[in-house]
Amino acid sequence: MTPIEQNTVVTAKADERIKQVGFLTHMMRRPELGAVAGLVLVVAFFFLTADRSMFSLSGVMTIMAPASQLGILAIAASLLMIGGEFDLSIGSMVAFSGLIFGAALTNFGQPLWISIIITMLLAAAMGAVNGQIVIRTRLPSFIVTLAFLFILRGLTLVGLKWATGGSTQLRGIEEVVGDGPLKGAFSGVAFQPLFNWLAQHDLIEKFDNGVPKVTGVPVSVLWFIGIAVVATWVLLRTRTGNWIFAVGGDPNAARNSGVPVDRVKTGLFALTACAAALVAIITVLDAGSTDARRGFQKEFEAIIAAVIGGSLLTGGYGSAIGAFFGAIIFGLVSIGLTYTQFDSDWFQVFLGSMLLLAVLFNNFIRRKVTGER
Amino acid sequence: MTPIEQNTVVTAKADERIKQVGFLTHMMRRPELGAVAGLVLVVAFFFLTADRSMFSLSGVMTIMAPASQLGILAIAASLLMIGGEFDLSIGSMVAFSGLIFGAALTNFGQPLWISIIITMLLAAAMGAVNGQIVIRTRLPSFIVTLAFLFILRGLTLVGLKWATGGSTQLRGIEEVVGDGPLKGAFSGVAFQPLFNWLAQHDLIEKFDNGVPKVTGVPVSVLWFIGIAVVATWVLLRTRTGNWIFAVGGDPNAARNSGVPVDRVKTGLFALTACAAALVAIITVLDAGSTDARRGFQKEFEAIIAAVIGGSLLTGGYGSAIGAFFGAIIFGLVSIGLTYTQFDSDWFQVFLGSMLLLAVLFNNFIRRKVTGER
Amino acid sequence: QVAVAKDIKIIAVTHGQANDPFWSVVKNGVTAGAKDAGVQVDYRAPETFDMVAMSQLIDAAVNQKPDGLIVSIPDSSALGPSIKKAVAAGIPVISINSGSDVSKELGALLHVGQDEYGAGKAAGEKLKEMGGKTGICINQEVGNVSLDLRCKGFADGFGGEVKVLPVSNDPADVRAKVKAALSSNTAIDTVMALGASTAGEPALDAVKDAGLVGKVNVATFDLSAGFLKAVAAGEAAFAIDQQQFLQGYLPVVFLANDAKYGLIPGGNVPSGPNLITKDKAAQVVDLSAKGIR
Amino acid sequence: MADNKVETTTPVIEVKNIVKHYGSVIALSGVSMQVSSGEVLCLLGDNGAGKSTLIKTLSGVVRPSGGDFLVNGKPVAFSSPRDALDAGIATVYQDLAMIPLMSVTRNFFMGREPRRGIRPFRYVDFKHCNAVTREEMQKIGIDIRDPNQAVGTLSGGERQCVAIARAVYFGAKVLILDEPTSALGVAQTSMVLKYIHQVQQKGLGVIFITHNVRHAYAVGSRFTILNRGKTLGTFAKGEINIDELQNLMAGGKELQTLSNELGGTI
Amino acid sequence: MADNKVETTTPVIEVKNIVKHYGSVIALSGVSMQVSSGEVLCLLGDNGAGKSTLIKTLSGVVRPSGGDFLVNGKPVAFSSPRDALDAGIATVYQDLAMIPLMSVTRNFFMGREPRRGIRPFRYVDFKHCNAVTREEMQKIGIDIRDPNQAVGTLSGGERQCVAIARAVYFGAKVLILDEPTSALGVAQTSMVLKYIHQVQQKGLGVIFITHNVRHAYAVGSRFTILNRGKTLGTFAKGEINIDELQNLMAGGKELQTLSNELGGTI
């Protein structure tokens, strides 16, 4: 969604200098609905070429799990991009937070809730450091966070070797965590009873032993949706949202209007780091382990998703919903090929072409609908 | 160097509204001399921590070889960045051009000069396609060239498997090329007689068998220096240079002033692709082989070098000389660590910290010298 | 001509990054060898699978005149000249892991390791023996020649239909892709992963998700504690151990002895393959968790 | 309300019923006007009347959604500002066509850099360009400190002067000026008005947009008035006096009370 | 040349010998001025004289390189425009503090968004804000099509009106206006001048920058003239007539000939 709201208050007298537009045109003006067009294209493509199992309930869940993890990062990245900055250290932050979380649980034997708090606080602090360096030095965030990409990735390796005594994989997290409602909030699936009930009534597919093929909605998907909703609300309906658009659109103008630019940017960096930490916690609890390569190039994918979703790299424009659909498109394209008959050597050609097509189509539709230019 | 020249014509009457500044301040105003400050810092660091052999003639050549290959890409990338666009497909273009070049030589049995021309033309065409898509669709170049990152990398894989009958490595190029002056222009070392003479007169180190340790200057270094000089001249002293700054600074304003924005941008994309092809030719001839991972993440490193060298990611500002020093800093830091006693687990921490320090120092010096703000 | 041990400096240059699970074990071997032999060793590798960068690292190593050089040779064309330069400079060279075929030719003293193709072939044959007909090979780094060779060896040994599944380093992505492959092609009965923790463990999860435990054989290159537990529990078929710890450890000791006393073994040392199946898995888990196996 | 003056020559620029939509916004809904050699056409109108949009269609920056556009009697369709420049139409835009990070000289010669030397070694003699820039700026009354200063660091008025000096220096058949004097000081304004007068004497056509009725009346030969995207009418200088003009410019709004309160000095 | 009017109250804003350097550029080399409640101080001067730089130091955008700055008699050092806003100094900048991609409403309320609801669910009622914006713009004579239109698509004058309406709406102790009327049409200009008058009546201090001597004379109580970074002098309204002021504004340049040529209408 954009800072330019579309749902205008109905004004008393219509202005003769405004053409009437239809409801559809009105809706399509929203940049995130352009991303929906891209999604539709991609889905249509797979509908024609892929195995039917891709569109079964379990196929959809299979795609949503990685897409939601990417999406959490992408939404945070797009907020930061709207605010005019980049964070290239997201991927490394996932690995680093994973290490902190894993070490807190195993090496230091902390309970889950303390470990989560420690991880989040540390991530927020690192993000704030990133932000403060960018603000104080006025260096581009690209180069500052790039340095942190390397530094955090390196620290993760060193830390893992220290924590495990020589391995690059930290294990045994499942054993120390045990089960509990808090764990359930970060890993596994939700709505299990519902899915069981559906399976019993043959409303969804099940295995021969009666267990439903899909036992529930992965919690990461719920987080993903929740974060998309909250981020959208913040962007469009709150003062903070207004400030985010402003600092990205023109930091000087924003500062001159009394917006605390530095505070907003630092907050966004901290938020992005926290999103990375959340993804780290989810994946570590799901996989029961963490390793030195976690989150590799995720910063890249997150930015891709945000850009597919219509965010401008130069700041000041974009939406959380766009990033939401961007992440789904990216997940769909990268997993989808597996369901088709194409030779896997062509994977990257395919991925690239689909991304390009999705964005072109999105752009084409938007231009068609909003008129010339 | 910046569009704002520093070597002012001496005006008849001095203006009372200008403070007098010293020569040093005057020099340091140039952004590329800020990059030199970063280089000095990094060299000083290694001087204190690294093995002395790093600063021997052969040590310097060892660093310059990779730095020059990166540097050729970085200079092209920085011209493109000044022109307001990105090219993320540089690295994949290196691999793709390597494949074309290798296949032309081996599979099609073309002579070297034809292979070089084919490679260059094809690269330029691909670059122009990139550029045209960006211009026609008005999509950000980030997303368009990202698609080409995947597509070209994928095509390289497919092509290599086709050319070799199943392997991802194409070998035997040395055999079909043979020797000749043209090969000498793209691979090996130059000034060999001079270095032999120097070795005979014990002016440079030699092995026990009398062969000089350094047999010459790698030709890639000569290309690197040559390209830096030409690019600097073009940027600062020609109409084309003026247009590059203009299209990056404000494409609308440039268009309104009659600058052919689309032509300039397309040219820059083609140029960047040609730089990638040049690096491909140099590395393929040097290594005698090419594989599917050539040039992996080089686009990233090239942008890093350009940014260290003071180019703005938002376009309109930067210099070729800055990218020149940026590439040397990056090469120095990444090879330099092997001359020190640090454990390689710390490599990334070290790389990140050094990058950050170099840019911070560069920035600090520049701000100190140019006065407040 | 007995040298003082602590002045002996050996440099290892490989194509595997320090954070790659396989190569981190090699590095641990190198470190242990250095400690045992009382010499100083540096381990270096390019940041990605990059032959040009690797040859430059070898050049940089030669420039420091070490008492011994350990290299892996995944591309003899690209690395050959640099290795020859080292030999010409009088530096003893031992090759490890890949390049057993060209090792002698380039002037290396000997080769420690087992080539990737051979290991893949052995695994393929074993899985064929276990009744596999249709397989997938999960490659987390397509274009990395040594991983491509593993897949190729597997395909050749396996004989049946084999499809390569390119994945990333992200467990969620691997898991989803394997699950997608299993559900779109129900004929698949064999899954070969090229790395235990990055590809093997998520592949196991995917097989569990798809409810195919026991129906699909999962095997992996290299070891990880998690995967070994699954092997011990009978959920996975086996893991192929190249005993890469030795690929790091032995050359250091050999080169140290060469420098000290001029002693060196007369031939190549095969370090693997060693198939870890259900019976052996339990013993190896702890060592794997410490980065030794 | 109609244009009573019958033209003997074909006008240099003539537009008929030009329409321009931006998405759902209608910026121009049928505007006609013409300008001949040797005359100064003042384009007047309230804020948002569509003056800038109209001249942007004339200079090739935006393409009209409908209507006819004739240059020297022949219909044209510019696809870029370069086409307009080539057709002899030079424009000073309200939102200046300047690149803030670049030096005054480089902006001054943007798009028309003089070159020396032989191909492929042709270069731009920036020393010479600096001298020209300094001189031309001096002519318009601005003593710039340093032609290498970035345009972004100039004051609003100085920047406007660079744009005007540039358009004048490179000459043209038609000169379009969109509110050129609004940011200028008294001295610079006089200079610009004098320039317009000179340019007109030389036989060029000038389109001059301003909100200052005195400036318009001082140099204009005819006055075309826009209101909410439509032409209200065109008047020759003799047909209208300054107060009537003032009233029309405000779009017929009731100004008397206001003006009186402040002593009629606006 | 000296300020003869003895102030009985402490001035709201007083600066003494303010100096500002940008690198080697000296923008202000010792400027003094003051403004009290209930008066309109006109800041006049040639292009590049340093007027905008001076008011940027007053509003916390740039930090002065030297000199004293007193608010209500107490020395202050603003580190950001927010400090100045908090101290009751509202500014309309010449290079507008607007974000082109954002809507008129969002720009209007920027930095001072009214919030509803309870923590942490406080939100901005943009419907209400839209209505306020439309109304305030109407007051200044601009009938905006849609408060959700991006500011970047407004005409130059419309944009200026948003900035002025915003500053006036949020009120302050001192209102600084940097060439507010330069892009405005006749009707809008009258509105703004009337506003300035009203604001002054309410007892606020106003600093008003303009190049139009008539506008200045219509509302100003005192006139401070800058030239090349220095104060040339301050005059109360009674001490100087409109022609003398005009001459001083041009920095003493010889205007007579020019002006006469064009009929003295500038």
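Points to keep in mind about this one:
Letters A, B, C, D and E mark the chains as written, and numbering starts fresh at 1 in each.
Just so it is clear, a contact is a pair of C-beta atoms (placed from the backbone, for glycine too) under 8 Å apart; a residue touches a chain by one contact, two chains touch by 3 or more.
Per UniProt, the chains are A, B = Xylose transport system permease protein XylH; D, E = ABC transporter ATP-binding protein.
Owing to the predicted nature of the structure, the values given are computational and were not obtained by experimental measurement.
Inter-chain contacts peak for the pair D-E. Farthest chain from chain A (centres taken as the mean of C-alpha atoms): D.
Distances between chain centres, each the mean of the C-alpha atoms, put C farthest from chain E.
Computed from the mean C-alpha positions, the centre of chain D lies at a distance of 27 Å from the centre of chain E.
Chain B and chain E have CA centres that are 49 Å apart. Note on chain placement: the centre of chain C and the centre of chain D lie 72 Å apart, centres being C-alpha means.
Among all residues of chain D, those that touch two or more other chains are 22, 25, 145, 149. Contact with two or more other chains is made by residues 17-18, 153, 157, 161, 345, 347-348 of chain A.
In chain C, 18, 142 are the positions where the chain touches two or more neighbouring chains simultaneously. Residues 59, 61, 80-82, 85, 91, 93, 96-103, 105-107, 109-113, 115, 122-124, 126-127, 130-131, 134, 143, 145-150 of chain D touch chain B in their complex. Across the complex, chain A meets chain E through its residues 2-6, 8-9, 11, 15, 17-18, 233, 237-239, 242-243, 245-246, 249-250, 252-260, 316-317. The part of chain A that touches chain B in the complex is made up of residues 133, 137-140, 142-144, 146-155, 157-158, 161, 303-304, 307-308, 312-314, 345-353, 355-356, 359-360, 363.
Residues of chain D that touch chain A in their complex: 21-27, 29, 63, 65, 228-229. Against chain D, the residues of chain E that register as touching in their complex are 22, 25, 45-49, 52, 94-95, 141-142, 145, 149, 153-158, 160-161, 179, 182-191, 193-194, 197, 211-215, 217-219, 246, 249-251, 253, 255, 258-259, 261-263, 265-266.
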